[in-house]
Each structure stands twice: as structure tokens, then as C-alpha cells.
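Multiple structures follow.
The same chain A turns up in both complexes below, where it pairs with chain B and then with chain C.
Let's look at the complex of A and B:
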């Protein structure tokens, strides 16, 4: 859906995996940006009907970007900065948040 | 980690940064909590590694923000980035999450500068992957230089929509079409306020430049669009709409929605500050005095969280709120010249706002879904029909609608569905929007795990 504007200036990068696939992107970006960079529109399926969802607001309001990060569920991808080696995976179905 | 501040500011956008700097100059001990990793707020969302190519696409307003951020960083402020506030108590205790742990601070006065959120656009298909808000797409542009790789379709209205279209143009990205949903009759209610807009020369010139550039690039603008639907199996594939009595379809995997922004009142409503309904902006805003102070002593609000005034006004409102807090705390030595300048600037912004708000007031059909099967609450997948049913069964507001439908019980706590649910209840019960009580969020404002809670005092609340 998106491409990154090319730049002539040097950029420090970080490598994460999205659904097991390595993706390299600039340090300081979020896990939601990593989904986008990986060409992945869907980050989770809903607990009730199993419908696919992806990042909608990118600013922490909608909670539609919930994914699994390093095995932990319910992480808000748009509010989570990437780290080297971070594992971002699709979250499937029902999960209690908080608690 | 625990700290004692004279003034705690929540939010590092133009309002919060300006307030914190002014309060420091007035001799207050100031701390600022912001959820983002870097200062700037929504408008000046500050990338970790800005590239010249992205800065060029964003335009000159952004450069002003970078200067403001530099001054903010140099000031003597206890700035805590990456701090998500999850509770604010009446006595000025604030609980926040940072690096997965909860911590608390204590302040004599609290200033909410939490900005705006985009209004929900509950059209059929808005939950499909590949549908986001225009603001979300702009965040991807600001923070990572992402632009659509295929012609995207922008749907809705308002200054931010045209700004982002223009930024895409500058970045060399293609736009499939702009579908304009704002009723054309809005012009008639806006026109009497045109002089206010005309007095804001810079703002006017900016808007005209965006529209002129879009025109000369032959970007397709389709006006008077109604009944927008997004279609696709598992992801957006097309947007269809009604125009001039005919149904039309545009194929696209990326649909960007925008119907303006509304104040982010989550914390101010939770605190029970008094709010009033703004019928032109179509949302609640806290009732404040001339210095940004709320009805409850010890609390103030500044910036877009106090009503949509825009980024320039946010800086002025921040300065005034800092003075209001300083006076409440018994400080003297106010910056009279600065206050007078801020008041003068705000007056002329108000004139332009009166025009813009009326011109871009969203169509009712973009706010209140006609079809009963349209999802209203994204978290709990509650439809417009279920909310209408709850209203018929006696729900007077979101709080009761929750009991019937679970809407507002998901992790977003009603941030995103409350405007739609209220409007549906008003419609079903034959009330004015202002007669449906605002929702009342409860802490924790963001999900907090028990593991994050170091202080036992908070445990009971988060449970």
C-alpha cells in the first residue's frame, strides 16, 4: 500500500521480523510502520467475528493495531517503537486486554 | 521516580510545549508527560531521523515546529517522553506508564494539553484493512516518509485532507481521487463569516495554494459525494459512492477517511470537568475561563483539547494557561505583553475558525450511519442497528448503551465510538445532540497490566 520516499541522507536502521519475514527500516519507527513496510495490511483478527483489522488511526486511539510482539499479545503496534530483533506477529482472535 | 511539581502538563504538542516554557519563565517548577517518544504533538510529530526529502514534502509550517521543539528542549522542564497517563486524580496525583512500569507524580496544578483526535467516519467497510484516517497516513509520512504506492482515494473534507493531498503531491505520490462529502450548502452558513477568514491572510494564502496546486496537477476532485461505502474481501478493494443520482466505483486498495478533528476530551470528561456542546464542531469541550482554567480548581485545559482552534492558537492558549495556573498558585510578575499578544492573535484566529468550521461541518450521513448493519464500535463490533435498538429500549447515553450492547467496553473505552453512539441515540429518541450526556471514561485510560503496577495504592483501581 505504501512505499518509502527515497533519501540521499544516511539512515540508521533496525531489523525486525513481521510474521517471520525480516524487514529492515529506520530506527525510531513503530511496529505499525513495520507492518506497512512489510506490505501487511492486517495486524489482527477480531475476537468476536474473526474479521481482519489493521492500523486505522496510528495515534493510539482505536486499538485496531493490536499485534503480538515478542510473544506478548495486545501490543499497540502504532505506539511501540521497534528494536533490533523484535518479532511482530499477527494476533488471532480473543484475548483479554489489561489484567 | 516520584516527583513534586508546581505544574504538570500532559501533552507535548504546541499547547503543552508553549505552556511549559511560559510557566518556567514565570518561576514554576514544571514537569511534562507525553506518550510519544519525542516532543511535537500531532502536528509536529517529530521523526527520530528526519530526512530532507520528508521535510521538503511537509512544508514550512513544520519547520516552525522544529524551532519550537528546539526551544522546548533547551528549557528547564522535567520532560518525560514515552509516558502514557492512565489516571489523574482530583488531588493532582498523576499515574503514568513508562517502559512497561507505572509511576506517579504529584502536581499542585494540572494542565491537560492532549490535543485532538480525528472524528470517526463510520461508513460501511470502514473497518477493512487498507482503510485508515488521513491523519494516520500523514503520521506515516511524517515519521517514516511513507506515501501510497498506488493511487489512494481520500474521502471527506476539512483542511487536513487538502493539506495531506498537497503533501502527497509534493512528494510525487499519486492520488486516485478526492471524494468530497461536505454538503455544498455549508457555503451559505460559512459566508457571513468570510471576513474573519479574509483577515487571516497567511492561512488563506496557504489554503489557496494547496487547492491551486491540486488543480494544476489535475487531481480528480469529485464534489457532492454521498452514501460512501468501502468494499472488499478481507481488505479494501474499491470505494463506491452516489453522485448526481448515479452510483460510481473507484478501485483502490487504500482509502483515507477524514471528517475533521474533535477535542480529545478523554481525561477532561473522566475528571468530571464541566463541558459544553459545540454544535458547529459537533463535540463537547470543557468550559474554561479566560485563562484556560476549568470549573474544578487545580485543573486547566489548553490547545485543541479545549476546542478545535488549530496549532497556531494552541501555542497562545498554552501561554495563557500557564499564566492562569501561575495566578492560581499565587505567583505574580506576569508577562503582560505576551498575554496581550496572545489574546490579539487568538481573536483573529477565532474569526477564521468560525468560517472554516461552518464550511467543513461534516454531512450528517458521514457521522451517523443510515444502514443498520454498519459497525459503530470497532472494538466490540457493535452495529448502528444494535445501538438504535438499545436507544429504543431506554439507553439515554453511552453508559447505558454499554449495558445493552457492549459498545464502549473495548480497549478504546469509547474514544472512537462515543460521537457516533451519542448521535444515534439522539436520532432515535428525537433529541438534540446536546441532550445526550457525554460519556464518562474511567481510569485506567489505557490498559495497565498488574505487573506494571509498582505502587500498591494503584492496584485496586487498575484491577
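Let's look at the complex of A and C:
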């Protein structure tokens, strides 16, 4: 669905996992970019109806790209820069609190 | 929203109108929840009801509202106010169903009871005394309440923190979404044949030969009756038609968290979980005039209190905060005024526009169109503030 634009020079890369699957991207990109690079259109399901949602506005306003990052729920993937070893996982429904 | 200094809200130019578009049987000034509910109810008593609304740029208390349909703690020492509140609360379920049937808009009304948390034994004992006064004042109508110590409270809300001493519970309390309620009442009013005019802030009202001439930037509107329900802007307009309405704005700030799975089965007086999963917390009371900015020290106090009550909220991010102005009379009770100087003019203010919406929609229309004042609001006139 998404195709990366060619870059002029080789870039430093970072490897994260999306749903357990390793994905390698240029340093400086976001967890939302990792999600689409991994071919995941859906990063979460909504709290009430369970409808699928994925990265949309890519600028921090729509909150459709919420995912689990390193175990923390409701992270805005498009506002989170990737780090080596980052674990990005789908969030299903509303986060549960207090165990 | 501002863009290059220009309001993005669409403001249509004044249009040529038929004279009938300028005249009504009764004009309601103010399209928040109080004015809208009154206008909605008036459609059963008058064929041509007009609602003039400044719009969302106004100090719209409805927009900042916490969304409680609340009985406990209303009217200590003023049982007539408790009765009026309970009249509305008892009508709310039918009101919500009627709005849903008429407009398809769900107000998210729930009536599962509500809690007021107490953090110490002395707060708990004070609360019990208040509940007991309510029970005594209620007479034959009855007033059920329970005082729950922490262990019993946790049977209702297991997440209550160790610092909570207990809570009062009454089955009368509940919640509604104020934004959906406003939308439903506006749509219902429209479907019932009411005439709604947005962007019509009222500049002045004159009374001559039994007709009120209401000036807006889109021209003059006329009716033999006018109801001023313009929130904090009410006193200035009411004075022009012979009514003194004492009131002070009181700022309240509200915080909203991200959506989380349901855990709060019951609302408290200053914290509730919406149908969508957000936790709303608030209830600050600040005397700052017409200032709707937020204050980080108030916000952190609200958040700290929420975490004390429910420690599992500790790592739940707050995503928004806002401030709004309550519409508060000197004794905190609503004011329902009829002008003696200009018969046909009325003014209403209250700070519980959500709770009282069902009463406003059902019980005021006859009075505003010329019938006797309902006994239920006989003691809620502005005379009570006059020094004799």
C-alpha cells in the first residue's frame, strides 16, 4: 500500500518490531511510519465499537494511530520517534488500567 | 478558532426577510441549554417561538459543563430548590427518550445513582448530617440515601483508594452529555417548528405599546413576550426591561483523560467516566470575573485529588483541560423573574442547566405565555435578594 521514496544517500537505520516482526527504517522516522512500513493498516480498534483504525493525520491531532509502545498503551505512533529495539504492538479496544 | 484574526465560524450576511420572519409570539434570548430547553417547551404553548442565539463564541456554560443530572447536595436549607431539582430529575428519562425519538440524538442520560466521596471521618459525619437534613426536609416525598464506609463503597467502586474514608450515595443522581443534549434540544426545537437564529447576539431590548423590540446585528425582532436566558449576559439585558438579576460568574476547570476501559460504575460529584471511556474531573470554584483561561495550579490540584480518590489513574494521561464560567446567583439557586414594569418580559438564570433542563422544557411554558407562576418556583424569584 505504501512505497518508500528513494533517498539520495545511504542513511543510518534503526530496527524495531511491529507485532513481533522486525522492521528496519531510517533513523528519525516515527512509530507510525514503522507501522505502515510493516504493512499494518490497523494499529488499534476503537473502545466502543471495535472499528479498526490506523495512522491518518500523521501530525498528532487525530489520535487514530494510538498503539502500544514498549508496553505503554495509547501512545501516538505518529508523534513517537523510533529507537532500536522499540516494541510496537496493536492496541485492541480501550486500555485497561489497574491490571 | 481564529485564522489570521478572523473567526472561522460562518457568519452569513444579513438577508432580506419577510416581516413574518421578524415577528414571533415569544422570543427567547440565549441558545444555551437553559434558553433552548425553555424554547423547546414553549412550542407546546405558542405557535411562533423564536430563539436568538449568540452562538459558541459566547461564554457558553453549556459547552464547558461537567454533565451531571444531580440531586444530592442541592438545596440545603432551601427545600423548594431540592423539590424543583427532583422534579426535573424525575422527568429526565422521559425527556431523554422524547429527544431521542424526535431527533435520533442520544443524550447519554444515565441514572444509576451517584456518590460524593469523603476523605476523612469529619467530612463523612458532615455529609451524613446533610443527607439527614435532606431526608427530613423531603417530608412525604422521601429521600433515600446511604452512607458507605470504604469497604461498602468498594463493593460499588472497587478502585476507590485507601485515603477515601467513605461516601454518600443517592439513587437520584446521574449524568448526561451536555453537548449531545444541547444538540438534541436544538434539533427538537427546529422539528417542532421553532425558529432558531444563530449569530444573533442581542444588543438591546426596548418595550413600547406592549411589544418588545429586540435589536441584533441582523436587525430588529418583535414579540409581545420575551424571555432572557442569556447566562452571564442576562443582568444587562434584564435591566433594560425592568428586572434586577444579581449574579456572579464563577470559573470551574475540567480535565479529561484519554479513553480507558470502563471501571467507574458510578459518577461522583467531581469525577465521572463517559460512555466513550474518558474520565472527566473537575469542580474548581474560582472567583476571577470573566476570565476563561486555565490555571496549572488548579489543574494539578484537581488531578491530585482524582489520584487520591482513584490511585489507578496515576499513569493515565490527561489529554485536555478547559475552563468555563458558571452562572451563579448570590445564594446559588436559580432565579425565575417576571417583570412588573414591562409585563411579558421574563428572565431566568441557573447554574444547573443540565439537571434542570427537563423541568425547564416541561414546566415553564404556560407561565411564560400568561398562566399563573408554577408553585414550584414561587420562592425562586429575584425578590428574595431585595432589601426591604
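Side notes on the structure shown:
Methods note: the second predicted complex is superposed on the first by the 94 of 99 C-alpha atoms of A that agree within 3 Å, B and C clash if a C-alpha of one lies under 4 Å from a C-alpha of the other, contacts with A are read in each partner's own complex, and residues count from 1 in each chain.
We adopt the following convention: contacts are C-beta pairs under 8 Å (C-beta built on N, C-alpha and C of every residue); 3 or more make two chains touch, one makes a residue touch a chain.
Model, not experiment: these values are computed from the prediction.
When both complexes are overlaid on chain A, the residue A:93 reaches chain C alone and has no touch with chain B.
Put chain B and chain C next to each other and count what each touches on chain A; the higher total goes to B. Contact with chain B, but none with chain C, is seen for A:30 once the two complexes are overlaid on the shared chain. Of the two partner chains, chain B is the only one that A:3 touches; chain C does not reach it.
Once the two complexes are overlaid on the shared chain, A:74 sits against chain B and chain C alike. In the superposition on chain A, A:48 makes contact with both chain B and chain C. With the contact threshold set out at the top, residues 48, 74, 97-98 of chain A are in contact with chain B in one structure and with chain C in the other.
Across the complex, chain B meets chain A through its residues 35, 37, 42, 47-49, 51-54, 57, 84, 117-118, 127-133, 135-137, 139-140, 143-150, 171-172, 234-235, 253-254, 378-381, 410-412, 415-416, 444, 446-450, 462.
Per the touch definition, chain A reaches chain C in the complex via residues 47-48, 74, 93-98.
Touching chain A in their complex are the following residues of chain C: 159, 258-263, 275-277, 312-313, 315-317.
Listed in rising order, the residues of chain A touching chain B in the complex are 1-9, 11-12, 25-30, 33, 36-37, 41-43, 46, 48-49, 51-64, 66, 74, 78-79, 81, 97-99.
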